[in-house]
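Notes for the one structure printed next.
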Amino acid sequence: MARITASVYTSHVPAIGAALDLGKSSEPYWQKVFSGYHFSKQWAKEHKPDVIFLVYNDHATAFSLDMIPTFAIGTAAEYQPADEGWGPRPVPKVVGHPQLSAHIAQSVIQQDFDLTIINKMDVDHGLTVPLSLMYGQVDQWPCPVIPFAVNVVQYPVPSGRRCLNLGKAIRKAIESYDEDINVHIWGTGGMSHQLQGPRAGLINKEFDNAFLDRLIADPDGLAGMPHIDYVREAGSEGIELVMWLIARGAMGDLAGGPAPRVAHRFYHVPASNTAVGHLILEESK
Amino acid sequence: MARITASVYTSHVPAIGAALDLGKSSEPYWQKVFSGYHFSKQWAKEHKPDVIFLVYNDHATAFSLDMIPTFAIGTAAEYQPADEGWGPRPVPKVVGHPQLSAHIAQSVIQQDFDLTIINKMDVDHGLTVPLSLMYGQVDQWPCPVIPFAVNVVQYPVPSGRRCLNLGKAIRKAIESYDEDINVHIWGTGGMSHQLQGPRAGLINKEFDNAFLDRLIADPDGLAGMPHIDYVREAGSEGIELVMWLIARGAMGDLAGGPAPRVAHRFYHVPASNTAVGHLILEESK
Amino acid sequence: MPLDKPYLDVPGTTIFDAEQSRRGYHLNQFCMSLMKAENRERFKANERAYLDEWPMTEAQKEAVLARDLNACIGLGGNIYFLAKLGATHGKSFQQMAGSMTGMTEEEYRDMMIAGGRSPEGNRRTGEDGTAQPHRQPQGTSTKRGL
Amino acid sequence: MPLDKPYLDVPGTTIFDAEQSRRGYHLNQFCMSLMKAENRERFKANERAYLDEWPMTEAQKEAVLARDLNACIGLGGNIYFLAKLGATHGKSFQQMAGSMTGMTEEEYRDMMIAGGRSPEGNRRTGEDGTAQPHRQPQGTSTKRGL
């Protein structure tokens, strides 16, 4: 039986990818960002999953305005890093897990989540920057990845409650998979940031830290927060944080188990326009 | 306030479109099919909606295996008839209603249905054959149409219950639209048919007629029927009938109102491989 | 527990699920390409060369060349995709469906006019209806494919 | 009742909803086209000619030519689409975001290093924070666009 053993949360700022790809990671500005991931890289070596279920959002890359899926699951064998306008990031292709992802798609659709199934797409910084942060510059990613894209670009985006419940459904789906594999689920995006208009550059440390506190200890309450609070408090692009609730919803305490263990927590301002948050939660044994 | 005044159900057999387009509609074989729509054409003249919300399935036309949305709503200004391999049907382009469809999309997503929003697609026989059946050969369709495509091609398809509940959500969405317009909702596809394998040609009159009976009088019970019953009883392509539950779910009796009035009912075997079913339900005044 | 596939015991029927979809991905995407008139022309001009542009298995290519729709479906094809192949050669859905039964066009058409294939004996594998494996092929067609 | 838009009173902020998306459809799809290197080259070689291939409004085209991202957003653009325009000219997200404030690159970068823009006074239109309409432009940049 497949099982979820940990969830990982992290911002996916494109400039972090650029800093790595352009060899700037030793500059003091970026050292402050990467310092928060030293522990995580070590942890990642000691806790190697068989598959990563990676929740992220596409930033007008694979999905134009022609077709905007609320929730999209990748069931392809592989995904190429996208050219977002600067040329593709020089990172490995992402190998998928068609069998597990098709299984999850089937189960989650039967639990009344109306997924879009994707067999061909390029993946943007939303997916590749978290992998770079956790695994560094490598020739290949250490395991298959299932991309799960959430629409947070065009309103309305799914509610926090819907996201948390989706996480619960994903857990059920994974636990019904007939192979003894270890799955990590990642939630990415955020934290507070705004990339547009005269309000660009908004950062809200109090909000972000309260979000981390509640994500750990009160995910159910946090799921009730309406979109407008994200926008007002965390900036228009801070809405990406709803995706963290999908990963959180997949942890065992929301299925009646014990609370997860906080393995790591990090917060830093800024990376480019954005507050960087990072959290690792392990299932209690 | 916008309101739903009627729902229309009909098979959307491609051969019906071909019979019309190739001038075969006066042949006895086709006359038997079209006879069931004489009443409907007259009714359609007397009950002209401002907008049709048309539930259908795409038959591997707009959606390849690259991207398979469970539920997709068209919010474009217009849609061209697709070339399904025989060349495009010689029928008018379909004019959309971007404002109402965007409103419905917003409302229904906020009711936890995870729609995919579509701004560019061609529409196949699933959408154009019902229009031809109700309006005949015209230079333009009489009103804007909102295409709503349901995945019934790759399993798992949405459950009957999910479809009925979606209909309820669509009703709420339409009733919250701030303009006094008259909306018809159509459910298309079916009835019993199988297009593949040694079992091709399966027809089940008892099942189909019981389906019509229950759709009228017991939609809630009907929504509980599992997919496997459709496949076993109505053929592998009979699963299209789940789409009728979306239109049925939008009728007022499921929101506490009186039962709808059966304005018309028709059933005939065959059109090509398929049993043709047709029903018009009016909201009671 | 693995997910249920309650549809595996329906005779003469292949449900197009994720597993079939994976198996038939390139076959079905090839079919989609025939929605463009210029591709239909190119395909008809040299079928083998056109097929060789696609990463399909040899078995899939041969099934396409033979217009053997049952074989195509067994290799992951779906009828709505395969319909583009039939359409390219001017075939109707009725001709395509009929070609999978062993009946001639006339036999199949007459069965439909007479009310279609009965579900009796055709609900579950092991019954004795016309779609059961031990009763194939059903008709007198000598054509192998569509 | 029409659907709520509770986000209309957030100062200096345009939420990309269905209405904005409709307005900006061609502008945003034009931006998407810049994800291909050959399109970027064609655009840079003759911006006006490339824009004229798209059914955009004249105002949208002028906003693009001026790299005026605030104007683009007002006309239905979304920052993730517009980012392709910035990328085509080698600009970073920080340069793009900063260009919408009236600050110079240095002023904006320094604000971010100092902890970013405070939410105080910037939650609702009518307060007195730095993002409020009466306090624009915020910096000393003399550049009109990106």
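What to note about this one:
Read from first to last, the chains carry the letters A, B, C and D; within each, the first residue is number 1.
Here, a contact is a pair of C-beta atoms (placed from the backbone, for glycine too) under 8 Å apart; a residue touches a chain by one contact, two chains touch by 3 or more.
The model shown is predicted, which means the values in this text are computed figures rather than measured ones.
Pairs A-D and B-D differ in how many C-beta pairs touch across them, and the larger number is found at A-D. Taking each chain's centre as the average of its CA atoms, chain B and chain C sit 25 Å apart. Inter-chain spacing, taken between the CA centroids of chain B and chain D, is 41 Å.
Chain A and chain B have Cα centroids separated by 37 Å. Across the assembly, chain D contributes 17-18, 21, 25 as residues in contact with two or more other chains.
The set of chain B residues touching two or more other chains comprises 65-66, 106, 110, 117, 119, 154-156.
Of all possible chain pairings, those that touch are A-B, A-C, A-D, B-C, B-D. Per the touch definition, chain C reaches chain B in the complex via residues 6-7, 10-18, 21, 25, 28-29, 31-32, 34-37, 40, 69-70, 73, 78-81, 83-88, 90, 92-94, 96-98, 100-102, 108, 111-113, 115-119, 122-124, 130-131, 133, 136-138. Those residues of chain B lying in contact with chain C across their complex are 14-15, 18, 29, 59-61, 64-66, 82-87, 153-156, 192, 194-205, 207, 226-228, 231-233, 236-237, 269-270, 272-273, 275. Across the complex, chain D is touched by residues 75, 98, 102-103, 105-107, 110, 117, 119, 176-178 of chain B. Within the complex formed with chain B, the residues of chain A that make contact are 65-72, 106, 109-110, 112-121, 154-156, 158-159, 161-162. Those residues of chain C that touch chain A in the shared complex are 1-3, 17-19, 21-22, 25.
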